[in-house]
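First chain A sits with chain B, and in the next complex the same chain sits with chain C.
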Partner chain A sequence: MDLSDTTEVEVARRAARRRRTGARVALYGLVLAFTGMAAFPFVWATITAFKRNQDLYNRANNPFVFNLDPTLEHVDLLLSGTAFPTFARNTLLVGVLVVAITLALSLPAAYSLARLDMPWGGAMGIAIFFVYLIPPSLLFISLSRVVATLRLQDSVWALVVLYPTITVPVSVWLLMGFFKTIPREIEEQATIDGYSRFGAFARILVPLAFPGIVAVVVFAFTLSASEFIYALAFVARTSEKTISIGVPTELVRGDVFFWQSLQAATVMVAVPIALVFNLFLERFITGFTMGAVKG
Partner chain B sequence: MSTPPATAAGTAGTAEPGGRYLLDRKGFLARVMLLPAVVYIVALVAVPFFLAIAYSLSDVTVGDPSFDFVGLRNFATVVGDPTFRRALLNTVLITVVAMALVVVLAKVLALVLVQDFRGKWVVRLLVLLPWTTPTSLATIAWVWLLDSLFSPIDWVLRQLGLLEGNLYWLGNEGLAMTSVIAVQTWRIVPLAAVIIMAGLSAIPSDINDAAKVDGAGFWRTLFEITIPMTLPVIAVATLFGAIVVFTDMAVVFVLTRGGPVDATQVLSSWAFFRGIQGGDLAQGAAIALFLFPVLLVFAVLILRSAKRMEVM
Partner chain C sequence: MAIVEVRALTKHFDGDVHAVEAVDLATTDGEFLVLLGPSGCGKTTLLRMIAGLEEPTAGDVLIGGNSMAGLPPRARRIAMVFQSYALYPHKTVLQNIVFPLKAAGMAPDERRRQAQWAADLLGIGHLLDRKPRHLSGGERQRAALARALVREPSVFLLDEPLSNLDAKLRATARDDLKLFQRRVGTTTVYVTHDQVEAMGMGDRIVVMDKGRVRQVGTPGDVYRHPADTFVATFLGSPPMNLVRRDDVVVGFRPESFLPKGVADAGAEALTVSFHVHRVEYLGSERHVIGTVEGLGEETRVIAMLPATVSVDVPVERSHEFVVAAGDLRFFDVGSGLRTERQRL
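And then the complex of A and B:
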């Protein structure tokens, strides 16, 4: 009796261990599969960026290895022989200004909706959400006249003015979630300490919503860097283009693609953005949950 | 205002001079703080939106911006055009197929990413790349991956003896559509997975623990707890992804320019070619407006799912 009991336990334990090992193997298999699928185009782009022409344009060559020595020639061309640095500068300029406008508009709006308890607050929140769902592809035709009327055509300023219409609704939604998690007592204490309600917002609540602000900054900047439709429709001059539109339209001459330089541009833009996103991913997840669940 | 002014208890607020008093009034402050954002949005979203509707009922072109009302003529012309019908069909087809794939893949990816494993930081970075990279640049990597002569996929197939010559991914109607769907799925899966992860992390861990104590295995926990509890968030993730894919034009524009011969045209790209490149703003606006009813349905569904998450 005693003996069979222990063997039974032993058998069960062994089965459990086998199941655990199986689960680990399955987990790592899935990890590899997903990483491979996601990263493959970028791996291929990275290899391509350093290839010599004679190596790249030979169908008999194994495309995944360097059949000839790698070269920096095409990265060099991208950085000193094309308008890529101009695109990068424009993208930074647009990004920084869009982030500033987005914060200036959405912080007060989010506070107003989250904290000032107006009877129309809820309806307004939903209205803002619907605005977020009106995409650029629906507006760019009529906006082309608006942009022309404002004399902003062919200028990065058109993008600086238009991108906040995409970022503000999302940011208001996100920041509302953050403001709602700050206990009301903190605000009441601040008013007792002599701050006006607005002073309490500016000096106490905004610093406390810092994680939300970081999420907004990352979101607004990456959106300005990736937006395509407005940039394509409103900016045609090379010196005013951003990366997302300049690279696909200017690094191709007629039918001649500068493949290595193009792929170098893709990787050089993709990796830093992904790094920043990865750093703030947890914040994004919290921001989204709070915005969605408590909004 | 750098140091809070000392006020005697009990007199604070009411006894202050006018400006200070205004900054304390909730109703005034609520309106003033919301106003800039609302004015901005009304000017650059609401006005263009109604302008788009007006354009679609007019004969406005880039060359002749004078406004003449023509009723529903543009819609009749647009709908009678086989390229438009193809674009509408393609838009729906790409969205539906890509989202069906995204639901399954994103759910699995989210389950994987909440586990503990070695090198998680790097894995997360690589898995996020398709979504965080500007769409037009990520698509450029794909254009090269699917190159008519030098596609490495063709090379592998040739090495395996499965292929002679090349597949011409982007030159063949069916393969070009497959490619567009693949790129859309590829870039939306990380976004949907991140949203689902947010939902997974919101499941109280004591429910999972209780299930474990009651002897529920992995699959039972998955199908009887995790999936039902995350269903609303999966719906939200899918609908968000659907909106992104449904309205996107970067992928099609960079990958195929709508080709071969308009076989992969979608509503946004067709509106662009007609309205901006062709200069017929009225028809372009009419084409783009076909996006609207579907978006409205998506929005209502998202709000309903979000409400269900709240109830949970």
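And then the complex of A and C:
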């Protein structure tokens, strides 16, 4: 291109502008497509939850619209005909406690492995990670002895004790990575500014590792809410079940699936969690893009 | 305010990296002491041991006359500015500055007032609500300094605080920093590998090399009377010319090496034949590069002629140059240490 030719420059400028507009359109199109893909199952589940049996089980009907008037019958069955509220409460209890235990154990462990320069620190970090690679479907046999010894069978507390064995190793590994990215000098500065090692950890490292902590919270909570094998193996009493095991066992009776109630359960669990995570999302992203230290 | 002293301070890493080797130093009260040396000579390590961030392999650090052994950094009442500034990225400038005051348990109102005072003193009073990532390099440096001085520490430890600034900003920051230190009168240990910074700011300069102290003295002292050939060539730009003659090394500064007749060099002046290869015009001065003949081994030396000296020095010819007797330095060939004046 000849930069001294005004028309040629003008043509190039217009081409660049067209390309920018094109890129925008493509971007929004893509985002819309993915949003639709992500939201579609929930929309379908929500519609299904309110359908009458005659509507749902007629193969001639369009599955995505109400062919007959919607009904609250199945939601009512879920809420008052099953122990769903209890399941939800149990899930919340297990989730919150597992998150708390996971953070309480993995934050100090990750900090020690990342910062204390112990000669066996690296090997230990890898060993911890290997623990995660053992599948729960092998472990639950031996763990049943542990649960029996602790007299926790048929109790949500069995899950509160067991889930951290899965979440802690992963979280240690994840947080270790975050702590390693924080320059040592920032922490040393805090000890010079008058804080103990613990004070520097709590006031400087924890806030700076916040994105990692959010990731751990999300991971530990979703795992507690969705884990199936341990919950099935160790909890049989209805009043102690969590959603992930309670809903399928109570709403699938023999070969009868209570589809509408199952869908209602799915939506009622997933949407609130999605909304809560959304509150964190902004901090999560700003944390990742936090500015560098040097000028 | 306090005196910082280190005794036989030594730090070895992993057994065979001798970062700091038996260093003895003492500041006077309120002094601005500069640690100067090439990269990797152990300046930062020495400073970190004074701060308590690094455990010495041997030796002792004393502040205010008391041994600091076993005391964590927070107990030493020091303020340190790291080379990277180490501002807390998630806190605003104000939160950064009050952070040490919080640790000291100061009331919020008082904290705020102190922070404002420190920020105004350094001219960043209008930036208190910014996060460090929205500051320029110079502003970051000021924020870090403000955080260091806000709690009136007993000692300032500054590790190359100006090295991230561009040349112009560095010059003004140098003035500000020095003026500020004069005003508060706090004992300061300042690390740099920039000799101009060291000469311009230091009350005394500690020249280090390979973990050892080579010389301690006022800027004039270390420049005019270098203790050994390392100091002689490390300071000055261009550095001191060294010419080997039998078992001594003869040294003279480029600015004392002048064409005969330009200045009155005195009766005992050394006159040598200087074969000129090249002349560089640098505006305020001329560098004349060539070899000396007849003094000792033929060595490449540089003469620096101020712009006020206008004699013509044609290249590829020999000229008579002189050095006043008082400007000659002598070093031992083996050890490199300064020796007695010799007759040439």
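By our rule, the second predicted complex is superposed on the first by the 213 of 295 C-alpha atoms of A that agree within 3 Å, B and C clash if a C-alpha of one lies under 4 Å from a C-alpha of the other, contacts with A are read in each partner's own complex, and residues count from 1 in each chain.
The working rule: a contact is a pair of C-beta atoms (placed from the backbone, for glycine too) under 8 Å apart; a residue touches a chain by one contact, two chains touch by 3 or more.
The structure displayed is predicted, hence computed values, not measured ones.
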item	value
Which of chain B and chain C A:Phe280 touches, first, second, both or neither	neither
Touching partner for A:Pro183 - first (chain B), second (chain C), both, neither	second
Touched partner set for A:Thr191, first chain B, second chain C, both or neither	both
Touching partner for A:Met37 - first (chain B), second (chain C), both, neither	first
More chain A residues in contact [chain B versus chain C]	B
Partner chain in contact with A:Phe66 - chain B first, chain C second, else both or neither	neither
First (chain B), second (chain C), both or neither touched by A:Ile204	second
Footprint overlap on chain A, where chain B in one structure and chain C in the other make contact	191-196, 199, 292-295
Complex interface listing, chain C residues touching chain A	51, 53, 72-74, 78-80, 82, 84-90, 99-100, 103-104, 131-137, 140-141, 147, 151, 164-165
Residues of chain B that touch chain A when the two form their complex	1, 4-7, 9, 12-13, 16, 20, 23-27, 29-34, 36-38, 40-41, 44-49, 51-52, 54-55, 60, 62, 65, 108-109, 112, 115, 117, 121, 123-130, 132-142, 144-145, 149-150, 152, 155, 186, 189-190, 194-195, 197-199, 201-202, 218, 233, 236, 243, 247-250, 253-254, 267-268, 271-272, 275-276, 281, 284-285, 288-289, 291-292, 295, 298-299, 302-303, 306, 309-310
Complex contacts: residues of chain A adjacent to chain C	183, 185-186, 188-196, 199, 203-204, 207-208, 210, 290-295
Footprint of chain B on chain A - complex, ascending	23, 27-28, 30-31, 34-35, 37-42, 44-45, 48, 56-57, 59, 62-64, 104-106, 108-109, 111-113, 116-118, 121, 124, 126, 128-131, 133-146, 161-162, 164-165, 168-169, 172, 191-199, 201, 222, 225-226, 228-229, 232-233, 243-245, 247-248, 257, 259, 262-263, 265-266, 269-271, 273-275, 277-278, 281, 284-286, 288-289, 292-295
